[in-house]
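Two complexes follow with subunit A in common, the first pairing it with subunit B and the second with subunit C.
This part shows the complex of A and B:
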C-alpha cells in the first residue's frame, strides 16, 4: 500500500511487469533517470529545508556581523571574511563531498555534513577571538555545507526526469524565501539571547539538515556506476589515485561538452552576483532614498523566487530544449543588468523598479536551469561528481567577479561600467553555451558515454540503446536511457 | 603747515569712517532664560548704510520664515513656545555692506533622553547604559542613580570597582563590568544639570543568563533526534511490507530478507553499498 512512496529505480520495472495493475506515477520514464514523484517530492522538501539552512543562513549572517564588529573590535572588512571563507569552503570542498558520496553512502555524507555545519556554529558561539570565528563558522561549517549542498541537488536530480527543472526550481526557491524569513528571525534571536545564544540556537537549527539527510533512502541515492572492486586486492597508490580520480569524476575535465559548459557557467558567475552587491549602492548614488533602494532589492528578490519556480515548471512542459531556455534567460538577465544603470541614470524610479523586476525574474529563471542542464551534458550517473567540479570551478568566478566590479567602480566613479561588464559576461557565457555540441538540433542528444567501461561488468556497452517508445517523449530525455541501462550493473 | 592740514584731513576721514562703520544693534531682551515664550527684537541704530533686508539664524542655521526685504532697521522674531528645541544662539542679521549682526542667547532646561529605555546585558559581560542631552546650554554635570527599594542610590566613579562613568556635555555613558543577575537588574536614572536646572531619564537593565539559550538549543536537538528516529523506524517497518507486497521490487533494502537474486524474474537487483 505504500508503493507510491517507494523510490524504485529499477529500469525494468515496467517492462518486466506489465501485469502490474496499479502503475506507479512517474513510471513513464522507466525510473532510470528518476521516477518523478512519490518519494521524490519528499526529497524536494528535504532539499528545500537543507538549502535554506545552507544558503539562506549564509546570506543572513550579516546581522551577526554588526555585533561582531562591536564585540571583537575589528573592521567590517575583517568580519566579512567570515562569510567569504564559509562560501569558499563550501564551493572548494564540493568535489570532495561529491567524491565521498560516490564512494560511500549519500545519506551518510549528508548527515555528517549537517552535523558538521551545526557543530561549526555551536563552536562559534564560544569564540573568543576573530580567528576562532574564521575556523568554526568559516571552515568547519563551510565544509559541512559542502557535504550537504551538492549531494542533495544531485539526489533530487537523480530522482526526477520529467519534472527535474521544476523540482530544482522549487528546491532553490527556498534560498530567497529563507533570506526574507531569516533576517527578522536572526534579529529577534540576537536581541533575546545575545549573539552567543543565537549562534547556539542556529547550530541546533542546522542540525535539522541531519533529518533531511535521513530522508535519502538508499534506493533513491544517485548511483554512480559501480566502481571497480579491483581484483588486485592490495590498495596500491596508483589504485587509490585511480579510484579517487574516478570518484571525483576527473575524466569529465577532458570532455569538451563539460568543459564548454563549465566555462559558460564560470562566465555567468562573473556577472551574476554583481547586482546583489551593488544595486542598492547604485540606487542610492542615483539619488533615490534608502527605502527606495532597499525596496528595489526586495522586489528583485521576490521575482527571483518566482522566476525559479516558473522557469522550472515551464521548461518541464517540454516545449523547448533546456539549453535553449537557459540561453534565453541568461541573455535576458545579461541584457537587463546592462539596462539597470540606464534606467536609474534617467532618474525614473519606475523604470528602475521595472528593470530590476525583470532582472530578478531572469536571474532566478537561469538558476534553476543551470543545474537542470547538467545531467544532459554528462548523464545522470555522473552528475554528482560533475556538480562538485562545476561548483569548484565556478567559485573562482564568484570570488573574482565582485572585486572586479568594485575596482571598476573605484576607477570610473560610478557603477555604470560595473553593470555593463557584468551584463556582458552573462552574454559572453550565453555565446559559449551556443558552442555546445548539438546545440542547434531540436532534440536533446544522448550524453557521451563515460570512458573505460570495465568489460567484466557486462556486455551493455551500447550508449545508444533502442528507444523504448512506450515511455519516451520524443527522445527529449533520451540520454536518461543510456544512463539507465548502464546503471543496471 | 601742510603737515598740519594732512594730519587734520586724516583725523577727519578716520572720524567719518568711524561714524559709518560703527552701527550698533540694540537687542531686546539681551538674554532669554527659563521663559515659556519671548519676542526677540533687534534695533539697528547709528547706521546710514542702506539696509536691503534682514533675517535671523538659529545656531548658525538660516531661518527661512524670518527673511525680510524691508529696509527697516527694526526686526523681530517671535518664539511662541520655548522648548529645548528652540534653545540656542539666535542671531539677527541686517543685510548691509558689510552685514551686521548681534546674538541673543536663549537658555532652556536641558532635555535628557536615553538611547534605549530597555537595555540588555549578558551575565558576566559588560553592560553599557547611555543618555544624551539636547538643548542649550548643555549639562555641565551628570549623575547616575540606581533605584533600590524605592531610594535612589548614587553611582559615582568610585562606587565599587565595577562602575565606570564617562561624561561629555551632550552624552554620558555608564559601564558596568561583570554583570550579575541578582545585583544589577533594575532601573537606572541619569540626571543632567545645567545652570537653569536638571532633567533625568530612566533605563531598565535586563541581565540575560548565560544559559538562557540552552533550553531552546536542547529542545531543537531533541526534535532533530526524534525526527531522525521516526524516519529510520518508518523505513525499517516499511521494508517488510514492501517485501510482502511485491517481491520483485528493484529496490535494495538495507537488510535484505530475501537474498535470492530473482533471476527468474529477470529483474536486476542493485547492490546496496
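This part shows the complex of A and C:
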C-alpha cells in the first residue's frame, strides 16, 4: 500500500522508473536520479519549511535590528553585522555540513542543524550586549543553518530526476513567501513580547527544522558513492585527511566543468544582491515617495516567487536544456538590472515598476535553475559536496559585491554605475556559462564519472579525467559509458 | 494682563483713526514693541473662510508678536458693515468688538497678539457677526514620531524610552521626564532614584530604567522645554514576566517533539511491517539467491547508464 512512498534505493522502485532510450533535449542524465514523486514531494514540503525558516527568517530580522539600535545604543551598521555574520557562517560552513552528511547520516545532520539554529536564537534572547548577539544569532545559528540548507537541497535533488527544477523552484519559493508573512508576524511578536520574548519564540519556531529533518528517510538520503576505507585498522593522519578530502569532494576543484560553473555562479553573486540592497534607496533618490519605492520592491519580490516556480515547471517540460535556460534568465536579469537606472532616470514610475517586475521574474527564475544545473555538472552522487563548495566560493562574491556597489555609489553620487556594474557581472557570468563543455549541443552530456576510488597506493590521480569523456561525440556516448562501467566493476 | 489688552486696543483705535475708513485692507498694523526688554519676533498667520468654520493650528516655540488676520467672503446678503470680535478660548476678549467694512466682497479682521508665556497660548478666534468663525490654535511645538504602541519589557530587565524632535524644528532648551502619579505628573529625579538615567542630546532624549518591577509600568511623559512652554510626549511602559513568552515557546516545543516522535514512530512501524513481509518473501525465494543478486546488479548498471 505504501509502495509509492518508497525511495530510490529499495530494489522494487526501479520498475516504475521511466525507461528512456532516445535522449531528448531536456534529458536529465544527471547520474543516478531519484524516482520523482511519492515521498519526494513530502521532502519538497520539508525543504519549503526549512528554507523559509533559514533564509526567510534571515531576511526579516530587520525588524529586530530597529529594536537593537534602540536598546544597545549602537549604530545601524554595527547591528547589521549580525545578519552578515549569520549569512557568512551559513555559507562558510556549508562544505562542512556537506562533508558531515557524506560521512554520516543526512537526517541526523539536519536535525542537529535545526537544534543549533533554534538554540542560537534562544540564547540570543538572553543577550546583554551586542557581542552576545554576534556569537549566538550570528555564529551558532549560522552554523546551524549551514547544516540544514545544503543537505536539504541535495536531498531534494537526489530524489527527483524529471521534475528536479520544479521541485527546487517550489522549495525556494518559500523564501519570498515567508518574508512576506514573517514581517508582520515578527512585528506583532516584538510588540507583544518585546525583542527578548520574540527571539525566544523564534527559536522555538526554528526547532521545527528538526521535524523537517526527521522526514528524511534513510533510503531517501543522497547516497554518495561509498568511500573505500583504507582497510587497515589504524587511522593514519594522511588517511583521515584523504577521507576528509573525499567527503568534502575536494577533487571537484580540479575539474574544469565544475570550476567553470563555480566561476559563473560567483560572477552572478556579485551582481545578484545589488538590487535587493539598493533598489529602494535608488527609487527614493529618483524622486519617488517612500511608499512607491517600497511597492517597487514588493512587486519585484512577488514576481521573484512566481519566477522560481514558473521557471522550474517550464524547464522540467524538457523542451530546452537547463544550461540554455539558465543563460536566458541570467542574461535577461542582467539586462534588466542595467535598465533599472535608465528607466527611473526617465522619471516614469510605470517604467520603473515594469522593469522591476521583469527583473524580479528573471532573478527568481535563475535561482531555481542555478541549483538544478549542479547535478548536470558533476552527477547526483557528488552533489552534496559540490553544493557545499559552491556555497563557500560564491559567498565571497556576495560579501564583496555589495560594498563594491556601495563604494561606486559614494564615488559617483548615484546608483547608475552600481546597477550597470552589477548587470554586467551577470552578463559576464552568462558568458562564462557558455564556455562549459558541450554547451552548444542539443542534449545534455553525461556527467563526468566520479574519480576512481582511491587505490591502495593512495594516489588521487584520476587516470581518466572527466574532460576527455565529455568531449566525445554524443554518438559514441554509449561506448564511453561502457568503458567506464568496465573500469568500475 | 488687562493692561496689555488695553494697549493693544489703543493701538488699534489709533490705527483706525489715523487711516480712516475702508483702509484696513492696507498694511497689517505693525505693532510697536511692548514693554518687555527684548524686542519680540514678528510672525503672521492668515486664513480665508468660505464656509462657517475653519481651524488652523500654529506651532510656536518662542515668544512672538503674532498677527492674526481673518478674511471672510460673507454670505448671500452682504451688509456693508458687520460687527466682528475676537475670542480667546471661547471667551470674548474685552474691547475687541470692531465694525468691519465690506471691501472687494470681503470682510477682514486683523489683530496682533503678544504671545509671551504658556498662558498666552490657546484658541484664538475671530468672529464675524455671530456665526462665521476662524480658529487659530496657538500651541507649543508638537513632537513628531508619536509612538502609539506601548514599550514592553521584562522584570529585572532594562528599558530605554526615547522622545525625539524632528529635524527641521527648533531645539528645546532642556528635556524633562515625568511619571504619572495618580492624576498628576511628577518629575523624575535621577539623583534620588538610581535606577533612572536620563541622557539628553539636542533633539533626542532617552530615559533608561534598569531593574524593572511591575510597579514601574504605566505612562511616562517626556517634556521638551521651550521658551514659550513645554511640549509633552507620552510613552507607555508595560512590564511583563518571563512567563508570558514562555507559554507559546513551550507550546511550540511540545508540537515539535510530538511531530518528530510521530514521524519516527510511523517510519519504524512501516519498517517493521516491511521487514515482516520481506522475511516472508525471502523464505519463499530462498532457493534462488544467485538470481536475485544478478538482477540487482543488472538494475544497478541500468541506473548507471542513465
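List of remarks:
Throughout what follows, the second predicted complex is superposed on the first by the 429 of 489 C-alpha atoms of A that agree within 3 Å, B and C clash if a C-alpha of one lies under 4 Å from a C-alpha of the other, contacts with A are read in each partner's own complex, and residues count from 1 in each chain.
In this section, a residue touches a chain if its C-beta (ideal position, glycine included) is under 8 Å from a C-beta of that chain, and two chains touch if they have at least 3 such contacts.
Just so it is clear, the model here is predicted, and its values are computed rather than measured.
In the superposed pair of complexes, A:223 makes contact with subunit B only, with no contact to subunit C. Contacts of A:74 after superposition: neither subunit B nor subunit C is touched.
Contacts of A:207 after superposition on the shared chain: both subunit B and subunit C are touched. Of the two partner chains placed by the overlay, only subunit B lies in contact with A:104; subunit C stays clear of it.
Contacts of A:196 after superposition on the shared chain: both subunit B and subunit C are touched. More subunit A residues lie in contact with B than with the other chain of the pair subunit B and subunit C.
Residues 2, 11, 20, 31, 191, 193-194, 196-198, 200-201, 203-205, 207-208, 210-211, 214-215, 217, 488 of subunit A are contacted both by subunit B in one complex and by subunit C in the other. Put simply, subunit B touches subunit A in their complex at residues 120, 122, 125, 208, 212-214, 216-217, 219-221, 223-224, 227-228, 231-232, 235, 238, 241-242, 245-246, 248-254, 265-268, 270-273. Here subunit C touches subunit A in the complex through residues 149, 152-154, 157, 159-160, 162, 240, 242, 244-246, 248-249, 252-253, 255-256, 259-260, 263-264, 267, 270, 296, 299, 301-306, going by the rule given at the top.
Note for the complex: subunit A touches subunit B at residues 1-3, 5-13, 16-17, 20, 31, 104-105, 191, 193-194, 196-198, 200-201, 203-205, 207-208, 210-211, 214-215, 217-219, 223, 226, 487-489.
Interface residues of subunit A, counted against subunit C in their complex, comprise 2, 11, 14, 20, 29, 31-33, 70-71, 73, 111, 191-194, 196-198, 200-201, 203-205, 207-208, 210-211, 214-215, 217, 481, 485, 488.
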